[in-house]
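First the structure, then my questions, so here it is.
Lettered A, B, C and D in written order, each chain numbered from 1.
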Amino acid sequence: MTQKNKAYSLILNNLIIYGIAIILALGVISIFVAILGYNVWDALRTLLTTSFKSSFGFSETIKKAIPLLFATYAFTIPFMIKFFNIGGWGQMLFGGTMTVVVGLTLGPLGLPAIIMIPLLLLVGIVSGGVFALVAGFLKAKYNINPIISTIMLNFIAYQFVNFIATSDAFKDPLEGHPITQKLSESSLMGFFGEIPASIIVAFIAIIFVYLVMKRTRLGFEITSVGQNLIASQTYGINFSKTIMVAFFIGGALAGIGGSLEVINIHGKLIEGFAKTSGAQFGIFGVLTSLVVAGNPLAVPFAAFFMSVLLVGADSLQRTMQVPVEVVFLSQAIIVMFVVIIREKYGKGNK
Amino acid sequence: MAFITSFIESVLVYTTVYTLASLGILISGRTGIFNVAGEGIMLASASAGFLAAFLSGSWLIGFLAGALMGAFFGLILAFVHETFKVNQFILGICLVIFGSGLSDLLYKLVIGVRLSAPIAPDTLRITIPFLSKVPIISGFLNHDVIVYFMYAATFTAWWFFYRTKIGLETRAIGENPKAADVVGINVSRRRYLATIIGSSLIGIAGAYLTIAITKTYSPDISAGRGFMAVGIAIFASWKPQRAILGGFIFAFIEVMSFQLQIISDKIPYQFFLMLPFISILVIMVVFKKHIEFPASVGKPYSRE
Amino acid sequence: GETEEGTDAWAIKIAAVFPGSIQDADYNTIGYIALQEAANAEGIKSAYSEKVAVPDAERVLKEYINADFSIIFVHGAQFNGAAAKVAPNYPDVTFIIEVDAKPDTLSPNIWYIERNYYTGFYVLGALASMKTETGKIGFIGGLELPFIRGEVNAINQAIKDQNSDATLEYIFVGDFNDPLKARQAAEGLMSQGADIIISAVNLGNFGLYGAVKEANKPVFLTTTYTDKLTQAPDNYLSSDLFNFSIPVKGIVAKIIAGEKSGFWSMEYGEGKARSTQFPISNVSDSINAAVKQIAEDVASGKIVVEKVLGEVLQ
Amino acid sequence: MAADYINCKNISKAFGVVKALDSIDFVVKKGEIHGLLGENGAGKSTLMNILYGLYRPNKGEIFLDGKKTIIKSPLDSIKNGIGMVHQISTLVPEFTAVENIMLGSEGEKLTLHTAREREKIKEISEEFGLQFPVDVKIKELSAGIKQKIEIVRALYSGATLLILDEPTTSLVESEFQQLLKSLKVFVEKGVTVVFITHKIKEVMEACTAVTVMRKGKVQARVEKEELGIEKLVKLMFMEQNIEVTESALPKVNLPEIEISKNPVLQVKNISITGNDTSPGLKDISFDIFGGEIFGVAAVSGNGEKNIAECIINPSVLHSGDILINGESIKNNSPLDVFAKGVSYTPEDRIKEGILNEGSIKENVLLGHQEEERFLKKKLFIDWNETALAARDVIKEFNVDTPDEELSMRRLSGGNIQKAIIGRAFVSPLKLLVTHNPTSGLDISTVEFIFKKLVELRNSGSSVLFVNEDLDELMIVSDRIAVLHDGKLKGIFKRSEYDKYKIGLMMIGG
């Protein structure tokens, strides 16, 4: 078989697998919905088509897919060295919060958008990256498992958001919720119609991740360490450096995600901004990444598909008053079926 | 003295939650199953346990229901993992989301919307003659039955793992499942058992939240404590005797941070709320030499 | 289903957006009841979304708008930003939102409900200073937000007005809905000697009942939004009651009558949108009567409760 | 004639598309020490794993003592008196020997009679002449001792048939002799043995009958009186023509060539701190010149690993200096050392040598990732160039694979080793440091590797050849240094080789 044929058969195999999994999962969800006494057909239609029925549904799907993409990368890249970054959520929160802090502080200077926006994105990158780097550093230097450190850092970041959003310097004094003042106009990114401009950043990130992971020496080193730490070290790869860089990149991507939420969607810091459908983007990011077995090239598709489900599931609640909890159950069931079927019938990539 | 006693008494309540949940996690971890579903299990069991206790009027039935719900989750985890070799982590996260949905759905179906929350029956309290009067010690021995259950569970788990042959074998699975397999130990069966038993302990921790601590159910009641329990299991190097220590330390710092918040005026309160998490990280840095992982945790095992 | 709704596009429909679960027997439940009562009173169709995350609010609002809902009740100040952003683009839709202070300018298609937390807490503060024996009153809040500060200031004013020596210790647990943290905070306050706890958390309350019940000396508590006597009959004093049905019903009627914008302050007093729960449990008749008098004075304006939201006054 | 103790009839087993066993008939008689020979991947381990109940055959029947027996799991085989020492250690590294041996047996489960069991274990090990420390964690013990523990574990659970899957891979001559003595004791005590090895010499010395396997089929059963080295080699490698020495190793031609004047490698008074598993190194000095293969002989755990490693990663040096072509590498990173024309193949090819999930291409790049040839603009990897290099390796080193994209774990042990050695040749090479490169490989692969080492030497480069097998060392080395307890005991020229003398020195005599 030629390379190309192989690639096609692989894609076909994947399509079939994911297709079967989703059909089975929808079957189980249907039973669920029927038991609860709702119209199964309406429910399924709403679940799968809301994103595509209107330009509004589509743009909402994109709006969810973007932060989800970044949260997924935050998990995926450290996962390539076989470490779990559960802290995507915290890194998003921290990145977004620091963006607001810098944005509000520099606001009075009246810098133009051409300076402000890149600067604020940089703040997101650095702060998200540094926040994740803490976990990488603790692993490299003190051998502390990143699962535990990133869980702790999530709780810390959550308090940090509240601290900034209720602090005298930044809070919106009239709000009955932890919300800061608005960022200045020149700090905000615009929209193409209803599609947020952050989609450009997302595309850049997709290309960046592809290039770094598949084409650069760094990507090779990260993958190598993930595959065999001892062999990598024997052949000259520095573990400490690699794990710290991987966590930094993961965190930086989460940080941009947080930053974009703030400067493109909300225009200010709102407690609860990195959540969707009742759960944090971090958890969904982990799930999305694992669905595609941590393959960075598949992440954008998975993130989009997951957003379709999230948007569809949300509107289930709205249009049919199906309890929102059914939505969670559906998500868990779909993912579980996808991974089972993939594990059983997937070809793997080599 | 009275202050310290009541302080300890209060700490023990939260210690119970953390210890039971992390015991549950480490028991299956000792056979190589990394159960990160703690949060989902606690939520589902908090709901199921409360509903059972409320409807039956018996705290005991409530805890049994919580344990059963936990066992159900454990069974799913073990079954899907052992049958399809699906990554344990992804299953765990799925179950977290599943549990958080199931918890509210159950409550919604059974109770619905009410203006005042239903209340669980009182849990049996046990005091021990003399000892429950001695200052400080009484902080440990003046509690509901689940606190004593937590002591017993910890001791039993320690005894099981370090004083019985079956425990030695179970630990062997966690270190090297092949080594256990070749001497005729049924790895898969042990993994099922450990995951189901462990998960039912997590379930009891969840039911404890509603039946004993709040006496009623409220959404998202575990608020991330199921993930904390994973942290404590790691912190404890997957040893029962250290899980209770870890649970106690964490609960201690948590309770203390509120005392500090009252005393201090200057420091923003959010920093006190961060304190427990920062402390755990610092403690781990200091004791880094003592943190170990069973070698096979998280890894599937198949013969061929 | 969504598509069928297109046929009766002219009918008025009301939707509500709730931040939490409608079964919380608290803030979200009373919002849900307000929605039902308003819809029933006018005989219009209703729908709601619960557990809506802040980033999802804008989308949820737009979805209801696209489904031809013409009135949207936004229960929870965290969604006000989303409502303010959406409102100008949909002049035919009227929004009902909740605020703690009157905005400078009113948007042409938004109704504002002012919640006035502070008035009720003045009365609770007076109650606490009469009831306390240790002279220490504890206050538990979720986050330090403007309306929470207003509550603390009102309590302090009440203590002063009562010429009481009592002191108020306040503590924030970082989350309105975490019962365990609230319980830990209560235990902290009790160990510092507090024998009255004024709660300003929501689901967190469920942690307080156990804390006061298991205290080794009598400790009492007050709550917000709904009657919670049954949760801790021996420790419960009273609650700062909210009845969102009154403003929501009233506003919906006005909207249907064509009034698309306005400001509705929730008035304090017996049978009003804001009130204190009487009789107060676990207190002597004299305290009951005295507090009732204070409540009437607040309602009539004889006592002026100062509204200070910006900071906690020392 | 003794009765058939084991009789496997018509056994087949496939892993996916790989047919590992194809209608195997295999007979072992009571009291035999039965050799099982065959090239890498012939199916020896698979057959034994089926006998032990770890794998289920797709087809076929097993008769034990004439009775048809179904073996579903190791528990069944243990009950039937079968014990097995696996090719890869199956001990729990965190446990002591006693704890490991106690695992699994029937009876009381809710108690832990460590003291009682310890005595029993000591008795058995004395009975069979297999002593070892019982209360030390396995992870701190050497491969040879682990082997003994695994054997005692099998005997402890009452094995009357003992399967040893390549037990001698990491044993030196003297340890093999010890094992041989034990094997004789086993037979005296009524234990039958199946003995898998690649070393024909060992088969000749130990076995009373031999089965030769080839490509999933049984080639022949050879009785003791018909055993002969040439015959066995012929049976194993039908169409290949492998010349063997009298010690049953491949013959190699070492022509006289001129060695360089200046040393390629100078090791000057180096010391390395020891640890649990190694004594470290104590004040070691030697030079290696271009055009020679410099062998290092040592019993495993005497610092030989340090010698190999410290050249690649000099940061472990405690004192002393190492020079390559006259330049000190003391402060170099591994990549700096590689850049000076040094290459390395590690002792444990799976653990230290390869990216299991990576493709052959990626594996070929490992260690060369800093070389200009494989980089574009310093940052990006030139995958085309890498693929070319990988194809060269596949061709030059006969790696059996359809293409360079296949993942490494799909290769057999011998092919993995060829790829690892091939990788070392990707860039111009002045010094190859290689540690046990032939361990566990069949003779034909060993011959191939030897030829490559000699080619390198003949081209004027040098080889530091750290090896446990003295016979192999004597065949290809120009000089042999002996290491014991971290100290250099002596260096022998080819003309001075004396197996007895060197062997004695290796064990400290």
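To be clear about the criterion, a residue touches a chain if its C-beta (ideal position, glycine included) is under 8 Å from a C-beta of that chain, and two chains touch if they have at least 3 such contacts.
Bear in mind that the values here come from a model prediction, so they are computed numbers and not experimental data.
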_Between chain A and chain C, how many steps is the shortest route if every step has to go to a touching chain?_
1
*More C-beta pairs touching across which pair, A-B or B-D?*
A-B
*If you average the Cα atoms per chain, which one ends up farthest from chain C?*
D
*Please report how many Å separate the Cα centroid of chain A from that of chain B, as a whole number.*
28
_Gap in Å, rounded to a whole number, between the CA centres of chain D and chain C_ = 75
*Please work out the Cα centroid separation of chain B and chain D, and write it as a whole number of Å.*
46
*CA centre of chain B versus CA centre of chain C: separation in Å?*
34
*Hunt down the residues of chain D that sit against at least two other chains at once, touch-wise.*
none
*Do you know which chain A residues sit against two or more other chains?*
159, 162, 278, 324
*Would you give the residues of chain B that are in contact with at least 2 other chains, written as numbers and ranges?*
104, 108, 270, 273
*Which pairs of chains touch each other?*
A-B, A-C, A-D, B-C, B-D
_Contacting residues of chain A [partner chain C, same complex]_ = 39, 42, 46, 54, 56, 60, 63, 67, 158-159, 162, 166, 168, 173-179, 261, 265-268, 270-278, 311, 314-315, 317-321, 324
*Could you pull out which chain C residues touch chain A in their complex?*
1-2, 15, 47-51, 53-56, 58-60, 62-64, 66-67, 76-78, 80-81, 98-101, 103, 115, 143-147, 174, 309-311
*Within their complex, state which residues of chain D touch chain B.*
15, 52, 54-55, 73-75, 78, 84, 86, 90-95, 99-100, 102-105, 108-112, 153, 157
*Could you please specify the touching residues of chain D with respect to chain A in the complex?*
312-313, 333-335, 338, 344, 346, 351-359, 362, 365-367, 369-370, 375, 379-381, 383, 405-407, 410
_Residues of chain A touching chain D in the complex_ = 3, 211, 215-221, 223-224, 227-228, 230-232, 234-238, 350
